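Take a look at this one; I'll ask things after.
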Amino acid sequence: QTTITLGAAQTSAGSLPIVVADQKGLFAAEGLKYERLDFKGGAPAAQALASGSIDACICAGDHAVHLEEKGLGGKVLVALADTHSYALLSRADAPATSLADLKGKKIGITSAGSLTDTTLRYALKAAGLDPDKDVQLIAVGRAGPQRAALQAGVIDAGMFTTPDIQITLAEPGAYKIVEDFRKLPYPAQDLVVTDTWLKAHPAEAAKLQRAVVKALEMIKADKAVLQAAVVSMFPKITDPVLIDSITNDVAAGYLSGTGVMTPESFKTLMEMMAAADPKLKPVGYADIMIGAAK
Amino acid sequence: MTDTASTSPGYVASARRRLVSISPTALAQLGFIAALLLLWELGARTLFNPFWSSRPTLIAVRLWELAASGDLWVHTLTTLQEAGAGLLLAALVGIPIGIALARAPKVARTVDPVMMGLYGLPRVALAPLFILWFGIGLFSKVMMAFTMVVFIFILNVMEGIRTIDPDHLDLMRTMRAGRFYVVWRVLLPAVVPWILASFRIGVGLALIGAVVGELIGSNRGLGWYVESSGGQLDTTGVFSGLIVLMVLAMLANQLIGYVERKVVTWR
Amino acid sequence: MALTDTISAPPRAELANLRIAFPRPDAPPLEVISGVSLQVGEGEFVAVVGPSGSGKSTILRAICGLLKPAGGEVRVNGTRVTTPPPHVGFMFQKDALLPWRTVADNIKVGCELGGTPRQKQPARVAELIRLLRLDGFENAWPRQLSGGMRQRVSLGRLLAYEPDLMLMDEPFGALDYQTKIAMGLELLRVWETERRSIIFVTHDIEEAVALADRVVVFSARPARIVADYAVDLPRPRHMKALRSDPTFTHLTEAIWSDLALPS
Amino acid sequence: MTDTASTSPGYVASARRRLVSISPTALAQLGFIAALLLLWELGARTLFNPFWSSRPTLIAVRLWELAASGDLWVHTLTTLQEAGAGLLLAALVGIPIGIALARAPKVARTVDPVMMGLYGLPRVALAPLFILWFGIGLFSKVMMAFTMVVFIFILNVMEGIRTIDPDHLDLMRTMRAGRFYVVWRVLLPAVVPWILASFRIGVGLALIGAVVGELIGSNRGLGWYVESSGGQLDTTGVFSGLIVLMVLAMLANQLIGYVERKVVTWR
Amino acid sequence: MALTDTISAPPRAELANLRIAFPRPDAPPLEVISGVSLQVGEGEFVAVVGPSGSGKSTILRAICGLLKPAGGEVRVNGTRVTTPPPHVGFMFQKDALLPWRTVADNIKVGCELGGTPRQKQPARVAELIRLLRLDGFENAWPRQLSGGMRQRVSLGRLLAYEPDLMLMDEPFGALDYQTKIAMGLELLRVWETERRSIIFVTHDIEEAVALADRVVVFSARPARIVADYAVDLPRPRHMKALRSDPTFTHLTEAIWSDLALPS
């Protein structure tokens, strides 16, 4: 048995297929054991990946592109999500109903340069706003600080992901969604590896890929599988209603069914990244996506 | 002011008083803590939103569950190990460096800016380098705690050595005492108060360092528990972790006080 | 004895069966003073002599309220001493100068705490510096002074405080004969013109006899009073002449042999 | 050992030597820094992947660009303001508290565990409370820096007061010196070395505090810039920010050294 | 004079036209020693007297290499002194005890640095404690001692170091007459049996004459040597008898008047 060390960008829904693979014995069937480490964001996880401290990271497709572009050979081993994972929430009594209404307001992002940052910049531009002049993007942190900042009124809207969206919306009449990016095709969670690792561990890579893709297929086939994973992944959430809503949201097209990045999501990815950094060297789909397991 | 009648041991009763005084102190401490907890409980129930502050009773229940499941010990031991090793390593490395730099002022002046610059670096931002150099195991967290604390020892010991009575050093020089004799018999005993202060300061920073290390990448430890609870908006979880961290800091401080009383008998 | 004049007013300082002991680990407390009674009247100058380690400094500390007695009591101006009483100045055996204050500023501490009006302080300090022969060292730091100079600064601080009762613990111990005599004369001048009371610890028997109204001799630890001599020498006393005065030589010889007793 | 001939001022030449010695020290410092930069540049070009460490030349170019665009000044001033205000506030609050606690040991013993516990809390985990209490403006960052540093002052000053010569305190008691006189004339001067050490230690921590503060609600500042570069795996950006932080720490330390030489003339 | 015997070997200590000055801000350096020449032979006991602040301690510091002279030079055993020379012990005017070591351990410092074999140290320390009359205080901390007791511990440390040249800065200043005489006798015993050289600074002229082979009188600052008396009194000397010895009284009177000169 070989142990695979995976780094997760956050304790987020993207890790659910991995949990399923573990729960259903798919890793064991491949002769793998896995250990998951949580990082404070995608960037440190990607850095740990590049340094060889972990075998693969569960993070946004952005990091595969960054690593590839920096010559470190980033590859998406399995695409875990087909759509974006964030939604922009505001207090229920806020007048804004769309991104465009937030002109002149303060919007909370998790941290500068993160997925939430680039996403908002891209969406704001699409809505005809200048992200540097028409709004203030404030690095606030994750769900806790975001919610505190909303409550204190120091930001007008903030970026939340699963399960924080569901938990926050569960408070009756307090918060609402201003803009839901979860419908946007985007490789929000991928199993990313490096060329170096791939070259050194071709067998493990194949096993890992097979197990996770199998898990994705099982989830698609049976929602109960996902529910069990949700319960295990978020032990702090005990309310069955909440568990249901998380499971339903995740099951509703968020997770990838095949483990292969869709061309649409790759297109948004490249557009967003180019918008954030005009000097970015373009990367092709085939440069970062490894074909599905045979 | 009259509290510090440290110089009034002129009556027989004081030896007796010491033995009894242990329990009033502990009582006062516990009473104070209890009062704060009560305030918190009441405040959370009435004044402010318990979503942000949780409540002592909820936390107690959570801690009980964690203890029962065994997770509490795993996380606590992990963090304790990281912070403790970092703190001790910092003392072992920092004290000699502090002494050496204080005794070689030219070298100290040369290295000083770089050292202070390094010290001022936010450790969180150095995460990639820590991962690169020290991996993501125990060692990288120990190093995180270490790099927070080692400068405390260096800076405090350096300043401490400057306050040493020059007559003691002159005495040693006239008796041609060797380098090690001076270090062991004069410098170290003289900077004991500075070392103790460093330990007190260091405890908190080592814990913070360990927690920051756990944020960078881990799957256990109190920092990880706090962060993962925060990620699920579980305030009770956050505060449970924080309370355990506080208890660790308190206990470490008590230990330092105990060692101080054992070591500094001459004051 | 000078005491009889002041029978109406309470004595400046009074020790009633004073006992002082220091706790020791793993041993019974170290009894340092065992039942000492002493009265010092207003305007009286009492010298205390006794073997090293007998408890002279300890008694002074008790009088100015730094030590709580294990038994008996201390009264200053009729009031029982529990905290440092007012108008009592203590010149420590160690000079205890503040290292971060210059000579002038260390002396000024006495003015500041003794209540000299602010405008008069500089003049007073300058006067003391001249009197203590520290001219030119006003702005020196304590670490730059010789042992005797430090002692004189400490004396200056005491004088600047202008206490009614002066407790002096070997104030001239680090001074050469000439300086010692000059300082002794200054001390007498201050004492005579302002009727201060003085308790003066010294090892120099001749100094004790030359300066004081009374000389109290302590035994070795635990200290008791072995003898209490009234010095019946007329004032002003002339140092040179004293040495050949038979009362003087007699007294010094007597004290000498008191101390030489195996006690 | 012979370096510390602090007690050998017995010759006339030493006054002259002082004036000249300023420039050799600065030269040595600059030389040392230059050597490190050179090593870094060469190492990055040959030994290790510059993805991890960037290169001094790349950083210089980036800093130049940032300076030209004006961003450099915005970020630097922001962070400097936050850290500086936090440090000063910590000194203003921490020194009196330290003195008060040292003079009232009973109170100190009672509060001690809670204080040490609070000190050991990782600030990042308290982000929601910081936002609720202090918002996300300048104030919250100042408070972040403040809460890191204030304990340093408290703990160092408390320990410093314990090392004061009891004779000085006894002297003050016999002269019935008032509370404020004792504090101003004896306690404060005596703990100056401890306060200076706290400032040295505090500089680094205040910067770290400001940077951590910038992680929870900001859109400028060096910490923000570093984080934002890190998020895009832009190592040169990360190091550019870090270098500026280092320079700030160095300059602050030089300033403290300067103040020390002006204030502690008596040693 | 004792010096003539040792003309072949270099003198133990030799000051050649020594000048010492302390730099001052905003003023010319403070000249403390201006051209002092002095030779101390092997086994010689030289006492130094002089006004407070004249530079006696400073000269001792220069001899043991703690101060660099501004002019002239210091030689010990024929070698020019730049760093502290071997086998020279200095008893400071301030006692400089290590506060974190007990009485016994403070004395032991002398043994440890003087090279007493480790097994013999406890016995040597015990012997010194008895000799210094500190019995029962072996385990006391310095802060628990009286001034005179501290001074005796400091003396004990010096004796434990067993130096060939002993520099003593007012070693008996805080002691009463009886203890002083007892300690003086012990010092003489050590000195006579082991032919040590001693430079002994004191304010007590009688003590100087009673103990020393030579008494050197310093002027006020800047210090010069005013007089250098050979003490032609036979040894062993009996303290009691000395006081009536005409040579003794003569010498003390002479030194007294040397010092009384307005210098």
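For reference, chains read A, B, C, D and E in written order, and residue numbers begin at 1 within each chain.
Keep in mind that, in the parts below, a contact is a pair of C-beta atoms (placed from the backbone, for glycine too) under 8 Å apart; a residue touches a chain by one contact, two chains touch by 3 or more.
None of these values were measured; they are calculated from a predicted model.
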{"item": "Any chain in contact with chain D as well as chain E", "value": "B, C"}
{"item": "Selected pair, greater C-beta contact count between C-D and A-D", "value": "A-D"}
{"item": "Label of the chain whose CA centroid is most distant from the centroid of chain E", "value": "A"}
{"item": "Cα-centroid distance, chain A relative to chain D, in whole angstrom", "value": "38"}
{"item": "Rounded Å distance, chain A centre to chain C centre (Cα mean)", "value": "83"}
{"item": "Centroid spacing, where centroids are CA-atom means, of chain B and chain E in whole angstrom", "value": "48"}
{"item": "In chain D, residues with contacts to at least two other chains", "value": "7, 52, 128-129, 132, 166, 170, 215, 227, 230, 267"}
{"item": "Sites on chain C at which at least two other chains make contact", "value": "22, 58, 61, 66, 83, 94, 143"}
{"item": "In chain A, residues with contacts to at least two other chains", "value": "44, 47, 51, 144, 147-148, 151"}
{"item": "Interface residues, chain B side, partner chain E - complex", "value": "165, 167-168, 170-177, 181, 185-186, 189-190, 192, 264-267"}
{"item": "For the chain A and chain D complex, residues of the former touching the latter", "value": "41-44, 46-47, 50-51, 63, 66-67, 70-72, 108, 111-114, 117, 136-141, 144-145, 147-149, 151-152, 154-155, 276-277"}
{"item": "Contact set on chain E toward chain C in their complex", "value": "22, 49-58, 93-94, 144-149, 152, 169-170, 173-180, 203, 205, 256, 259-260"}
{"item": "Chain B residues within the chain D interface of the complex", "value": "1, 3-4, 6-7, 25, 28-29, 31-33, 36, 52-53, 102-106, 109-114, 116-129, 132, 151-152, 155-156, 158-160, 162-163, 166, 169-170, 173, 179, 182, 193-194, 196-197, 200-201, 203-205, 207-208, 211-212, 215, 223, 226-227, 230, 235, 238, 241-242, 245-250, 252-254, 257, 267"}
{"item": "Sites on chain C touched by chain D in the complex", "value": "61, 64-66, 83-84, 86, 88-90, 92, 94, 96, 98-101, 109-110, 112-114, 141-143, 161"}
